[in-house]
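One chain, chain A, appears in both complexes that follow, with chain B as partner in the first and chain C in the second.
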Partner chain A sequence: MHPFAYVAPSTVAEAVAELSKHGDRARPLAGGTDLLVKARANVWELDAVVDIKNIPELMTLTINGSGLSIGAGVPCYQVYDNSEIAAQYPGIVDGASIIGGIQIQSRAGLGGNLCNAAPSGDGIPSLIALSAVAKIASVNGTREVAIENFCTGPSRTVLKAGELLVSIEVPKPAANSGAAYTRFIPRNEMDIAVAGVGVFVQLDASGKNFESARIALASVGPTLILASAAGDSLAGKPVNDETIAAASALARDAATPITDMRGTIEQRKQLVEVLTGRMINKAVERARG
Partner chain B sequence: MTTNSPSKVHVTTTINGQQHELLVPGYMSLLDTLRELIGLTGTKEGCLDGNCGACTVNIDGRIVDSCLVLGAEVNGKEVSTIEGMATPEGLHPLQQAFLEEAALQCGICTPGFLVAAKGLLDNEPSPTEGRIRHWLAGNLCRCTGYDKIVRAVQKASD
Partner chain C sequence: MVATYETKTDYKVIGNSPIRHDALDKVTGRAIYGGDVKVPGLIWGDVIRSPHAHARIKSIDTSAAEAIEGVFAVLTHDDFPQADDKTIETGEGTVNLRRGQSNVMADKKVHYKGHVVAAVAAVDRNTAQIAAQAIKVEYEILPAISDVDAAMADGAEVILEGLVGDHLGEKVENTNVARVFRHEFGNVEDAFANSDLVIERTVTMSMIHQGYIEPHNATAIWAQDDNLTVWSSTQGSFGVRSQVAGLLHHPESKVKVNYVEIGGGFGGKTVVYLAPIAALLSRKSGGRPVKLVMDRSSVFEATGPAPGGKIRMKIGVNKDGKIQAADTDLMLEAGGFPGSAVGAAAICVFACYNLPVSRITGYDVLVNKPKSAAYRAPGSPQASFAIETVIDEICDELGFDKIQFRLDNAAHEGTRRGDGVQFIRVGLEECLVAAKESDHWNSPLGDAPAGKARGRGIASAYWMNGGGKSTCDLMLQDDGTVMLNEGSADIGGTRTSIAMQAAEVLGIPVEDFHPSIPDTDSIGFTGVTGGSRTTYTTGLAAYNAAHKLVVELKSRLADLWETSADKIDFNEGTFTANGDSIGIQELAGKLGPTGGPATSTSSVNLAEAGNAYGVHICDLEVDLATGKTDVIRYTAVQDVGKAVHPQYAEGQIQGGVVQGLGWALNEEYFITDEGAMANRSFLDYRMPTSLDMPMIDTIMVEVPNPLHPYGVRGIGEVPICPPLSAATQAVKEAVGKPFYSLPVKPGRILEALNGD
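For the complex of A and B:
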């Protein structure tokens, strides 16, 4: 491991100043469960890590009338142990509670999951399905990027050198809406998704028709995939086996997996179709309360 | 702002109830800090990437993999390790149960399992078998097949 300096600023301004000083030879440190593995494997050669966990706004969960704000350094267990999040954003809890084991969940968070940009990031599909936005800071100010546009390839994001993810902003779920995420893994725990599907649905007041839907896929492409055609196909349609099967088939078409040690192209496409159907049904169930 | 670049970071931390003041290289893991700077070699190195849990320690009430924490990060925090489990009066009930149930063979994974299991029982004194298995999913044992470990944790539960 290349020897690096450890810096622990207490404000965003200090953190982005430190990051911009080192360019791509510095990285923010949240849970460290990806960063330290990559530094140790010399994937990244770093001169400095900037620990963001002493910056209060990066460690805060806020729920109010406009939605949920998840500080970039908030670990998974704080997300899934929060009863308000569990009640209002169960799709996010579905993802946060299956990343690694308990030890990893003590440290790893959704912000790091997003910045690590693994196509298999279990925390990300629900954020895309829920139309969440990333708040980014740098010495030049702040900007916002929709989560579905954040990851640009395996381990690649829109973040430029010197930029820092501050928080993930999730809009308040509409009335009669629900979300859910699941993945397929051959074990029960501690594994990387062969395929994963996150779904958000909004129903009409009767609960019998879809108003809108968003479907996001994991582990079946170089990035997380927003399967727009699949989600859009449900808008205005009745909730029934036929409409759900049609959307599931469109999700399968949106998947662009590879064959590797975890699964084949055919298996992954099949999984996307099956899991999409299951997650639409689960999201509908949650939407109906 | 704590900046002691590029070399060492001044860290004040409590380990197993005892205060330590250390100068830690910024890139040194908590695992190496414990084993090499402090001499607490009960915490074991396994996979070094967060899969096996052999290096599990407890920081401020949460179990973590110490290979994926920097020593510099525990400034102001309370760390407990396997060395903090037994008291002069005797073994911790989990340690006693591991002995009685023969829940170890080679022993490399044992400190991690014990610290992880303590993290569970400290907060949930009567977990179900399913909860125990879920909680310990981040700890690998290549000898026992887990049954004896789970039985030992059940025995130490209320």
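For the complex of A and C:
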């Protein structure tokens, strides 16, 4: 492991100043469950590690009338232990509660999951499905990027050298909406997705028709995938096996997986179709309350 | 000569489940493992490993590493003394010293990715790592050979230059097949011609790893007087001593191996990797203590897994349900150097059946993967998978009850094993009957939820168990407690299961024993904890030592009571003679005038062991849309001989089942086209977790082993064998498709389901 400096600023301004000094040889540290592994394996050679856990803004979870704000350093357990989040954003809880095991979830957060930009990041599909936005700071100010545009490749994001993810902003879910995420793993826990699907649906007042839907896929491409055609196909359609099957087939078409040690192209495409159907049904069930 | 015993049935100590003597230290974190070893002046070693699966080493430039501040020593194969070209026992296998040395550090060629090429010692761990990475190695890359077919193909690149293969007695050069051997009775061709049904299948399985939690580690001090002290996580300190001494051409009397606790081994910690490197680094560093610890990727890539391979299996049967003949070719991956478990596979493959005619041909095949090592009943799980797959198809084809068919063809006392050995009293039939009468076998599978299907599989398997050398010393203390020293590394609670056997003889509560495992200077030679030998063999040493102590105490008491020793009776802890009586613990305090402390020692070397059989039933559910499997019920029946400590015996069986199910359903070395293991972490090497397992029910059958006074058989290994086929046949029943390749992972199940 390359020796690095450890700094723990207490404001965003200090953190971005520190990050900008080192270019791409500095990384923010939240739970460290990805960073420390990569540093020890010499995947990253770092000169500085900027611990963000002393910055109050990055460690805050806010839920109010306008939506949910998840500080970039908030660990997963705080998300899924929050009863309001569990009630309003069950899709986020689905993802946050299956990243690693309990020890990992006590350190790792959704912000880190996003910045790590693994195509298999279980925390991300629900954020995409829920139209969440990443709030990013740098010495030049702040900007916002839609989550579906945040990851640009395996371990690559839109973050430029010196930029810091501050929070993830999730809009308040519309009435009659629901969301759900699941992944396929060969075991029952502590595993990495062979394929994952997050779904958000908004139904009409009768609960019998889709008004809109967003479907996001994990582990079946170089980035998380927003399967727009699949989600859009449901808008204005009745909730039935046929429309759900059609959307699932479109989700399958949107997947661009590879064959590797975790699964084959054919297996992953089939899993996307199966899981999409299951998650649409689950999101509908939740939308209907 | 083999001693046989009339087995007792009424016990005071044996058959209870007291708390193990090392429990508190282990659950409170006080126990010292290899990684905990700290000595004054400790420096760290690290190694550089080959990034290629197969390559010639063109040059090694260590100058940049040597120039780094804080580096004390750099080591290459040239620093090793010339080892003898001879083969020594490692306990669950053998090692040729010259090849063993080349496995520890590559000599001219690398045989697998992760093969150690050079090592450094430096002031701290980080400096050692940086220095190791600064060593420049030039390679000429050769084609990587990843399976037995490629290794045995005409014109295949030869992995081990200079290897002369022994192919059925013929010397063969330029080959990757180190050995071909055969065991044969009768004429299989004639017997197949006379069979009503002959089924032949070829099965394959991936290389898999034991996956022990604790990585390999070693600390060594090479003192100025050439006395070498080693600490290393191992299944046997004496195995480390003989290998280190042999590989470094150093006298055994100058090598002391200190016992440290072991965080799992399952056969994989019978081979040395780091200890010889730590020793030479220490010598080159002026006698500084040097420590090395592997990371997980290195454990996967460069320590001994269980061989994958290919097995052809052909069985002929008559409609009356009698097997006529069986013929098999066992081709197992040795890894980068000769010595797979194919010899043991050949012993086990037909051992569940009474076969009039059989032929077993074994192939020990080199491939560019880590040198395989023992893993829990080495060779038997693969063999069991092959034969039980075909037996299951025979039963399906001819409509035989799967237990009755096995009973009708079961091996029993007097049956000749495939390699010719005749069985003493064995308990396979009793296991089959217990399985047949079990609640599990007599309960319906139950309906699967929508979209899922269920199946039930049954399989049997065999492991011969081990004997060998063990030593136990007893020292009776003045207060009536007993210090017990024995040489077996304690993996599964053997301090207690060994002490219990001495306690039973002496009539002293086992809680009054303090069992210890001293360093190799302080106890007689004891083989590794492996081969399911420890409770049987070291237990027998304890039993014998206890009887010797009774003899000694009778002679002391004869002085005190002014009588002759042969007039004194000893029963359940009490000495009596002429109306006098005294308890053994009370007597302990009165020995002073009789010649001081009473001690005894016993060493044994057992040529034979009591055989072990298991019969397992597995219920499993398959998600037909995703191919995911869930084991929903599992029962393991096993002849344990006598369960000395039933809780630990049950734990051994359950642990074996879990590892076997991992092997069956998800575990594999996923090898890339370049010959690298892609999934070299616990994230992607998919061992079962506690959330993947139902309760494993056990039924322990006790058919006493006539070679042990309490009837003890080894128990730890056979339970890993039947799950491979039991789970696979359950999937077959659930989805209606056979599976001939392990693991039966979800992707393979989906492929089979989509094959319609």
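Here are some notes:
The criterion applied here is as follows: the second predicted complex is superposed on the first by the 289 of 289 C-alpha atoms of A that agree within 3 Å, B and C clash if a C-alpha of one lies under 4 Å from a C-alpha of the other, contacts with A are read in each partner's own complex, and residues count from 1 in each chain.
One rule holds for everything that comes next: a contact is a pair of C-beta atoms (placed from the backbone, for glycine too) under 8 Å apart; a residue touches a chain by one contact, two chains touch by 3 or more.
All figures in this text were calculated on a predicted structure; none of them were measured in a lab.
Once the two complexes are laid over each other on the shared chain, residue contacts for A:Gln267 go to chain C alone; chain B is not touched. Residue contacts after overlaying the shared chain place A:Met1 against chain B and chain C alike. With both complexes superposed, B is the one of chain B and chain C in contact with more chain A residues. By the touch criterion defined above, A:Met190 reaches both chain B and chain C. Of the two partner chains placed by superposition, only chain B is touched by A:Tyr77; chain C is not.
In the superposed model, A:Leu36 lies in contact with chain B only, and not with chain C.
By the touch criterion defined above, A:Leu226 reaches neither chain B nor chain C. By the touch criterion stated above, A:Pro9 is placed in contact with chain B alone, chain C being left untouched. The intersection of chain A residues touching chain B with those touching chain C, taken from the two complexes, comprises 1, 3, 188-190. Chain C makes touch with chain A in their complex at residues 126, 129, 133, 625-628, 630, 665-666, 670, 678-679, 683-684, 686, 688-689, 691-692, 745-747, 750-751, 754. Within the complex, the chain A residues that touch chain C are 1, 3, 42, 184, 186-192, 194, 260-264, 266-267, 270-271, 274. Those residues of chain B that touch chain A in the shared complex are 1-7, 9, 25-27, 29, 48-51, 53, 56, 59, 62-65, 67-70, 72-73, 75, 116, 119, 134-135, 137-139. On the side of chain A, the complex with chain B involves touching residues 1-10, 14, 29, 31-33, 36-37, 39-40, 47-49, 51, 53, 77, 100-104, 106-107, 188-190.
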